[in-house]
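You will see subunit A twice below: alongside subunit B first, and alongside subunit C after that.
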Partner chain A sequence: MSAEQTKSDIRTIRVGALARVEGEGALHLVMDGDQVDDVRLEIYEPPRFYEAFLRGRSFREVPDITARICGICPVAYQMGSCHALEKAMGVFDQVDDSIHLMRDYLYAGEWIESHVLHMFLLHLPDFLGYESAISMAADHADIVQRALRIKKLGNAIVSSIGGRSVHPVGVCVGGFYAPLDPKKATALLPEVKACLDDMCELVLFVARNLEYPDLERDYEFLSLCPDEGYPMNLGRIRSNKGLDVEQEEFLDAIEERHVKHSTALHARIRTRGSYMVGPLARLNLNAEKLHPRAAELLPKVCDALGKKLPWTNSFLSLPARGLETVHALALAADILENYERPARSRIDITPRAGIGGHGTEAPRGLCWHQYRTDDAGMITDARIIPPTSQNQSTIEEDLRLLANRLVDTPDEQAALQCEHLIRNYDPCISCSVHFLDFNRSQKKCRA
Partner chain B sequence: MMSTPSTTSAQETNAATAVRPKLAVYKFSSCDGCQLSLLNLEDELLALANAVEIAFFLEARRAVVPPPYDVGLVEGSISTPEEAERIQQVRRDCRTLITIGACATSGGIQALKNWGDTEEFVRYVYAHPEYIDTLDTATPIAAHVFVDFELRGCPVNERQLLELITAHLAGRRPNIPSHSVCIECKRKGYPCVLVSQAEPCLGPVTHAGCGALCPSCSRACYGCFGPMEHPNVESLGSWLNERQARGHRELSHMFRSFNGYLEPFKQASESHERRANQV
Partner chain C sequence: MSTDILVATCGNSMAGDDAFGPLVGERLRAMALPDLRVVDLDIKPAALLDHLPGPRTLILVDAAVFPAQFGGPLLQWDLQRQPLPELAHDDALSSHGMGLADQIELARTLGVLPEIVQLVAAPVEDLTMGCDRHPHLSEFVQEAARLVVQIALQSQGEGSHA
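Right after this comes the complex of A and B.
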């Protein structure tokens, strides 16, 4: 962090490399007296051009390639790719219920490992005043160890059907290469139940014992809203301010801008502005669809926080993530308990020319894909809208509001608080480095 | 050192702390998955953080201990002018430099741009190409600086990562086998997907380390650990072409993925591409 006093009342706070986030980003804040001149969440993660080099590859290769966009949420990219490509191939309606269910199971594993990693190893140190979970473990070894156990279980769930937790190999367009082995299901279940019980305790711990800065805003929350069940793989895309579109219409509902300080594109809802995706958005829009185990916890958490839903404070993403982890654990337990080896683990697909768009709920929020294919099933056009690029405008607006309150705060302290706020969004910067529609963006962008 | 018995233990602890090797973890162009493998060592993580001083690891901690470092783990490939410069300083800062994962050892999936037109890629992806500063290639770390050890995998196997760090602490050679995935697969007794399922398996030419994961899921190995030592890629390519009627375009793509820029996968993909273009 560096601070410059160029004039008597202008100060610049800069965190050159944000810590405890996935990927490379920087914070840039300029204040002139009590005015905030400029706030930027800079993303300098190198561009990797996935959408460009996917062209010409077979649709069957896509889930393995897009998984590599992010090592923390590879399942999100695989699920987005599979659903969108099944639409492009015209087989989306033929996917068995048992395949949908196992996708939820796999995704639950990723939510668990990703949420717990973020909550306890990356985010909690902000609340408790440590620079890392490693330092925090000296005083709170119990919490860190319990979290590591649950995180390990999340990875084990992904590995049980995916082969490994980072870039799983079990997923294909049309389903899974092989079904989950019932012996693995039986072996995992007791640990899932034990972790579920402990996670309930941990959620109450964070709700009761942490102090949440008060930064209320009138957000537009956006997430999948399925008719049944808490959002994960399926559903229409809705917001609390009236957006309600089919999956395929999403691209028409938003617009993107390429700004100089970011290799991620900023997404905004057309004619309205920024919006928020992620655990807080999902919870606020779908609380009544939580698994009963999470639903029974919710009023206790609300009591402890002294806040009823909707929660309009990004710092409350921590308990929201906790409730979602409970939901994911309970969901995984149910699926394992009732598991029977399905007749088939994937459907047959004949390549064809087509187009398909679909988003799923990555741990950090809606992750939307669209692919076009030719007759042989080769990709001719690809678009991916990851969650962090959708949240980037909202994060900057939050930072502006927070900065207004930091006029009298020393630089080091102010930088810490801004970093804490950025981490509310669990930004996945590696993922966010993506394009959107070049022609459309060019028309809209200011030079 | 003179001391009273009651203070010895504390001083010993301090001494032990003082000599802990300093570990640094760096990120270049990558997905963060290989760094994450370190955090995925849930059972060993806290012990590891005691055995070494985690001196620089932005994804996990905010505090930074200044260089030099005893061991540097590098994730990611070199794909921007800034990275090409930064890796030189990283090399100077680390006594031992270890690259972890396909991006750092082969250029990674983003090295697909090495066969494309980077300018066209930038225009396809970004509205303002002038804001983007990228090199024409994504290249492995060893193309830029001397590397002491390369750990394969997309992602690395976290057990191998732990073995590598442990071996370094113990001052012995790491036990990282360099044979093929085929050997691992036979040892585990999986049915051969190449022969019995007629799937295009890269196991015979791919570096071991994953534990034959894909065959364990009834699918063909897709080479994410890159080429083994002295693989016979030409023979496997011909076999797949003749016995499974795999076209040269498909074969070119198979070799040109997460480790496509590493010889001899690079050679194989270019050879099949030439033959595909002749048809």
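Right after this comes the complex of A and C.
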């Protein structure tokens, strides 16, 4: 072996503040020649202690407090807390079907807004080779404007029953403070139908016109799997590798552990390891439950991609989000079309001591809550497991696989590809407890 | 006042001095000005584009971390004529890396930015979640509300002469 061959190239890729994600995080990647030495998705956003300061508060305050965890997915926190607390109060089975329907309607609004924001303003620039949505908009104004219209509709749906789109105030444990006004339902329906038609076209656009990097992996996908309908608020928790538990058994199935480089806990399935939550997991596990409008689109998308389900490439989260957006729009249209003012918008609840655990499907994946209450309904213990913390280990494993293919890739391009991969997961770091500046040092050592 | 004046406030009312924007919004609503619409973007500046195109005048109200200037005058920028201040590009303070500055630039690129765009900002000290607001913040709020009304009246005057 020559002297040159005995040297190793230690290459450190560091992106100190990830862009186009929610929250503060960084990427640290160390390569020794063609070997990946270390991969860390560093989450340095300070812990926010929501679980601690919920203690001593009335159960009725929890949906409004937890909504403040995130400006993008407040509904997810409201839905998780409401369902879990209804279990703790012993009224979970008494919630009217009309209330469940309104919860799906509200959640559909959040999925639409969050998915479209991520797909077209944050993720699409990666695929089309732009630095940002702003530079992309100069060349693709039509796409951006159509997306903004749909995103606006998502916010309007949330506002129509939540009172406002940021941190809605219409949700309470037991239902809603007031039902949806039928006049609002009638007024919104034409726009929902128009956006549904347009979203179908946009999904085909992204399926037919983008190049998706090939990064296949044998993931364990995990999501809610209800007996009926695509997962959103209800259902058992299942995976493609045999996990099948009731909501209350989730903590027995997974474990959270602290790692030095993250203020968010890493979750793993106890007997196996990392897993993926989010649109790709939901779609792979529940495709047959999509709304007919999304179901009829699925084979066309599969043909365009040249991939049948299950999709085992995290880059395909983009078309998965698109199909879910079509599903959410179609669901909202159905609910509005058949809407009648319900007899009541919430059920009565008498406080009691209890414990309840429940997860719902946030845009980024399963968001699971557990609360314990005392006789007066005051919170004595709270636990929240957000989707991004569940995906962290999987993101690091993806990065390790990708890094192996970046040995000969220039620094700047390598960093961009890593960031692109991270954005496949639409990480919400503020929820998990934010993200990449880039610098790399390359040196010869160990002669 | 013309009905096509939109005031968009930004900020987190639970994060110390970041409550500046929402407090100015509250005060403007209390003044019940008939032709001035106030929307709270809260911590979601990406929602600004939900309201564009439409208004002829857009007045943005936000807090700016500028401890060295705290107690000094309110900050005001004409965003149609002046480049955005550097501090407005801090992605770490924005949701999904799409801050207010990005929204303005995206609106400009798409050609939906209103004819008149003014930013009114208070130089503040502390945006920590849960921390107390600075005692002087209420004075800034009163002053900012007056300035917003003044800009609105002035823009209406400019419109009538157009």
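Miscellaneous remarks
FYI, the second predicted complex is superposed on the first by the 425 of 447 C-alpha atoms of A that agree within 3 Å, B and C clash if a C-alpha of one lies under 4 Å from a C-alpha of the other, contacts with A are read in each partner's own complex, and residues count from 1 in each chain.
In this text, a residue touches a chain if its C-beta (ideal position, glycine included) is under 8 Å from a C-beta of that chain, and two chains touch if they have at least 3 such contacts.
Since the model is a prediction, treat every value here as computed from it, not as a measurement.
Superposition of the two complexes onto subunit A shows a clash between subunit B and subunit C. Using the contact criterion defined above for the overlaid structures, shared-chain residue A:167 touches subunit B and also reaches subunit C.
Once the two complexes are laid over each other on the shared chain, residue contacts for A:260 go to subunit B alone; subunit C is not touched.
With both structures placed on the common chain, the touch criterion links A:52 to subunit B but leaves subunit C unconnected.
Of the two partner chains placed by superposition, subunit B and subunit C are both touched by A:134. By the touch criterion stated above, A:68 is placed in contact with subunit B and with subunit C alike. In the superposition on chain A, contact of A:177 is made with subunit B only, not with subunit C. In the superposed model, more residues of subunit A are touched by B than by the other of subunit B and subunit C. Looking at the shared chain after the overlay, A:145 reaches both subunit B and subunit C. Looking at the shared chain after the overlay, A:118 reaches subunit C, while subunit B stays out of its contact range. In the superposition on chain A, A:155 contacts both subunit B and subunit C.
For subunit B, the stretch among 2-10, 128-136 or 164-172 that collides with subunit C in the superposed model is 164-172. Overlaid on A, the two complexes show subunit B and subunit C touching the same residues of subunit A, namely 17, 19-22, 24, 48, 68, 71-72, 117, 121-122, 132-134, 137, 141, 144-145, 148, 151-152, 155, 164-167, 434-435. Of all the residues in subunit A, the ones that touch subunit C in their complex are 17, 19-22, 24, 48, 68, 71-72, 117-118, 121-122, 132-134, 137-138, 141, 144-145, 148, 151-152, 155-156, 164-167, 434-435. Here subunit A touches subunit B in the complex through residues 17-24, 44, 46-53, 57-58, 61, 64-65, 68-72, 74, 117, 121-122, 125, 131-135, 137, 141, 144-145, 148-149, 151-152, 155, 162-167, 169-170, 172, 176-178, 257-260, 263, 265, 419, 430, 434-435, 438, 441-442, 445, 447, going by the rule given at the top.
If you check the complex, the residues on subunit C that touch subunit A are 14, 40-44, 46-47, 49-50, 91-92, 95-98, 102, 105-106, 109-111, 129.
Those residues of subunit B that touch subunit A in the complex are listed here as 27-37, 39-40, 42-43, 45-46, 49, 54, 58-63, 79-80, 82-83, 108-110, 112-113, 116, 120-128, 131-132, 134, 138, 154-155, 210, 213-214, 216-219, 222, 224, 250, 253, 257-258.
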